[in-house]
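Right after this note come the structures.
In the two assemblies presented below, chain A is common to both, partnered first by chain B and then by chain C.
And now, the complex of A and B:
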């Protein structure tokens, strides 16, 4: 009974983590950017969906769409206002661009977080779920919303896989992650590929944010923890490896759920952190890292 | 090194310190209190700059070192009643041990991987403090019975003196041969090692020095505040402020980091009337500096001087 409960709850939260981390790792794989405004973009999506559905009364579907749209716009704004200027800057030495992108996106994330807190307060917001009610699975009362979350996450990740492996654009993205210079030699504009990747990232982060808003609720305080969890999942899986991130998301998701159910919710994040430190020591490149 | 004592930077710094030392004669206790905190923060930022700017280690967890020093000193004083000065020294020593713990992964992993390890260290410390609430005061914080002094002027002078001495030591170290070796090993460890320098030894030294000053400053800050809490010395947001200070003032300048910290804290106070937008404005200014003056305040000033 309790085992099933852990299995079901763990699956939903893991799928959500996986979706959030996939976009993050995709950007790193293709352009070497660690986007520390990740949590802020997810929260922006959730808060936009909440505001549209609960304040403007546009309905849950339109609200969710607006949330994803806001995430897409914020992702593009992040790329054009922060990441691209740093990458193109001649005054920043190449070997220091990484830390500048980290600092820049971190500050950008704080700006988004503060704006959200200013206009929508710090209170936790729960987005109206698209499907309501509960069903009983294997003797566990499960909100339909939780199943919906898991299904959407898996579908989106499957779609992403098809996009990357089966379409021309996707193959260009994949090629850019393997060898950026080779791609430009084949006559593809690297900037266009980056724009596509940031677009994909925005949509993924948006969906993850809106689903998180429906499932657990968000507030502007969630920004830091969300970024940190995506960062640790991605490093655990191996930076730039999408399949590694998926595995790591399920490891972290289940570890957290197990701890919360069997030990105490207060210790929820500790085993995952310990595991992370352990993996860093014995396998610094992460589970499926390439380096 | 001798050229430094005749350089313009030396005279400007000296003049600034002299002017700062006379402040208690004519400004209010409120301003002094603000600057006292800013000076301790300046030491955090300088210690961070030694690790990042010179050793090239992306340390996302300056508050791990600060927090260990601050809490060790606080706990020893509050729970065991040891004397203030002993607690401060032991706090700094505990922080050095924490620095060695942090240095172990740094010798194995680099870049973002090390960055994450340091971030995890902060989160672990935060969890530890919350879980062992009996010892640490938990989320509410630890009330500390003793203070160094309650005189605002004396506190201000202690902080200013401490920052000046720390700045002199850290700056001197950064300009010494050790600093050059650190810089070389930060930029290209393989080549620096091939030239015959012991990178491991130098990096460990950088971690120890950085941790010592972070911990000492953290312990002093705790005895100034009379309380140690996660929000003031451990939270990731505090660490972000330390990093932003160093980048804002100019990385690899050490002294710039202190300027950045003072700017950040004073600006935050000036913007208090704007309410919740204060953090937004400070972050936006910092982002603009990062984008348009990547060298920071001091970096921009120094490069202009070098050009003319």
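And now, the complex of A and C:
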């Protein structure tokens, strides 16, 4: 009974982690950007979905769509207002741009977090679930919304796989992640590829944010921990490797769930972080890293 | 005749001039009474503190102030941080020259400010923190810490209030026998849990398990799972930093056990919306509530607050409002804003506010300078979220409705 409980709860949380981390690693793979405003974009999506559905009463589906839309806009804003100006700047030496992007996105994330706290307070918000009620699976009372979350996450990741491997745009994105120079030589505009990737990222982060808002709820305090968990999953899986991140998301998700059930909910995140340190020692490039 | 008239004229002019001089002299003497308000402007519970204080000040000023002196509120946002609060306190006293400080609903913040009230010799009242340590420190070193007043119930009193309510509602009426305590790990819950462990068995609720969790917990599934495993009749809560998330997950997972106890966020009117009405059926302890006439002042205050700010005040709003009034009363009785005279006057406070009759425990009580708990003073009440509203269910004399639960709650008796 308890084993099933862990299996089911762990799967939902892991799928959610996977979705959140996929966009994060995709951007790093293609444009070398570590976006530290990731958590803020997810929270913005969830809070927007909550505000639309509960304050403006637009309904659950429209609310969720608005949430994803807000994440998409915020992702583009991040790219055009923060990342691109740094990448294009001639005054910042090339070797320092990475650290500038890190600092820039971190500050941007804090700005979004403070804005959310200012307008919506720092109390947690929860998005109205699209499906309500519970079902019994293997004797475990499971909220339907948890199953819905897991299914949507898997579907979106599958769609992403199709997009990257089966479409022309996707192949260009893949190529850019392997060899940006080569892509430019083939006559593709790198900036356009970046815009596509930021768009995909915005949608992924938005869906992850809204689902998280339905599943567990978020507040402006969640910004830091969400960025940190995506970051550690991506580092564990290997920076830039989408499949590595997927595996790492499930490793972290299940490790946390096991700890919460078998040891104590208070120590939930500790073993995953210890594992991260351990992997960094023996395999610095992460599970499926390329370097 | 002409001469006499001019004398009269001169006299009249002279009197008028003297009158002008005297009034301007009085205006000079009537410096405002400055109250610094340090609060968590971004948290719902904290946001009501400066608003309620301002409302009280406006009302007092509209009636002419205190002996002609106006009350001026100087507000500071502490971002829920102890460090920011200490800086705000120093600034309030050293630069903005406030006479008294009202600050924070977070025990950790108040405990950080307490030594500063002593060092800067500035009377300081908290409207919402609960830790026993606040008033215990005053008792332990009275001469040093006498500047701090605990304007809200201590955790020990809160536990008593919950147990008193649980005895009538859960044990006597619903014949419940067992409980699991679920509380967040914070300064205020340590004494609360001690209080719970002591008083629950006395009223006939056996404590089967006691779960303390980190305030940054987001997934409560394992916690509810563990609680369900123990099969208690009720979950006794001690939560304040968290509130929305456990409540929503309790409903989404349809945990069949009622929640009863302290749930500070549930005292906010916005809690229903924040949880998408998952709060339905949650039972929480409060000192006041919308539409609950604890005293004749409670309802008018709540309604005026809502008219002005658009929502009902949080629990700390009620206490902050009362505090401005009894500080004004103490200044009047002391005839001065001198810190030591003000402390002496505050100690003899006997003020009927919005949450009951406010008096402070004396020097010899272990909870020196904390507000007194008990019948005829402040007892607190139990409220329940019903049909999207907060309704009083205990004590009997002010209860408006009976307890009812959402359909997923399965009462074992």
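Definition applied: the second predicted complex is superposed on the first by the 291 of 291 C-alpha atoms of A that agree within 3 Å, B and C clash if a C-alpha of one lies under 4 Å from a C-alpha of the other, contacts with A are read in each partner's own complex, and residues count from 1 in each chain.
Convention: contacts are C-beta pairs under 8 Å (C-beta built on N, C-alpha and C of every residue); 3 or more make two chains touch, one makes a residue touch a chain.
Predicted, not measured: the structure shown is a model, and the values here were computed from it.
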Message = Quick check on the superposition: with chain A as the shared anchor, is it clash or fit for chain B versus chain C?
response = fit
Chain B versus chain C as contact partner of A:129, first or second or both or neither = second
Ask   = Between chain B (first) and chain C (second), which, if any, makes contact with A:257: first, second, both or neither?
value = second
Inquiry  = One more residue to check, A:13. First (chain B), second (chain C), both or neither?
reply    = second
Task = Scan A:99 for contacts with chain B and chain C and give back first, second, both or neither.
result = first
Message = For A:118, using the defined touch cut-off, is the partner it touches chain B, chain C, both, or neither? Pick first, second, both or neither.
response = both
Key: Partner chain(s) touched by A:266 [first = chain B, second = chain C, both, neither]   = both
Ask   = Minimum Cα separation, chain B versus chain C, post-superposition (Å)?
value = 5
Ask   = Shared contact residues on chain A for chain B and chain C?
value = 117-118, 266
Key: Footprint of chain C on chain A - complex, ascending   = 5, 9, 13, 53-55, 117-118, 121-129, 132, 134, 141, 143, 145, 216-217, 219-222, 225, 257, 260-261, 265-266, 268
Message = Applying the document's contact rule, which stretches of chain A touch chain B when the two form their complex?
response = 34, 82, 85-86, 89, 91-92, 95, 98-100, 102-104, 106-108, 110-111, 114-115, 117-118, 224, 228, 231-232, 235, 239, 266-267, 269-270, 273-274, 276-277, 280-281, 284-286
Inquiry  = For the complex, give me every residue of chain B touching chain A.
reply    = 52, 58, 105, 108-109, 111-113, 115-117, 119-120, 123-124, 127, 130-131, 187, 236-237, 240, 243-244, 247, 276-277, 279-280, 283-284, 286-287, 290-291, 294-295
Query = Can you name the residues of chain C that touch chain A in the complex?
reply = 42-44, 47, 80, 185, 212-214, 216-223, 225, 242-245, 248-249, 252-254, 265, 268, 270, 273-276, 278
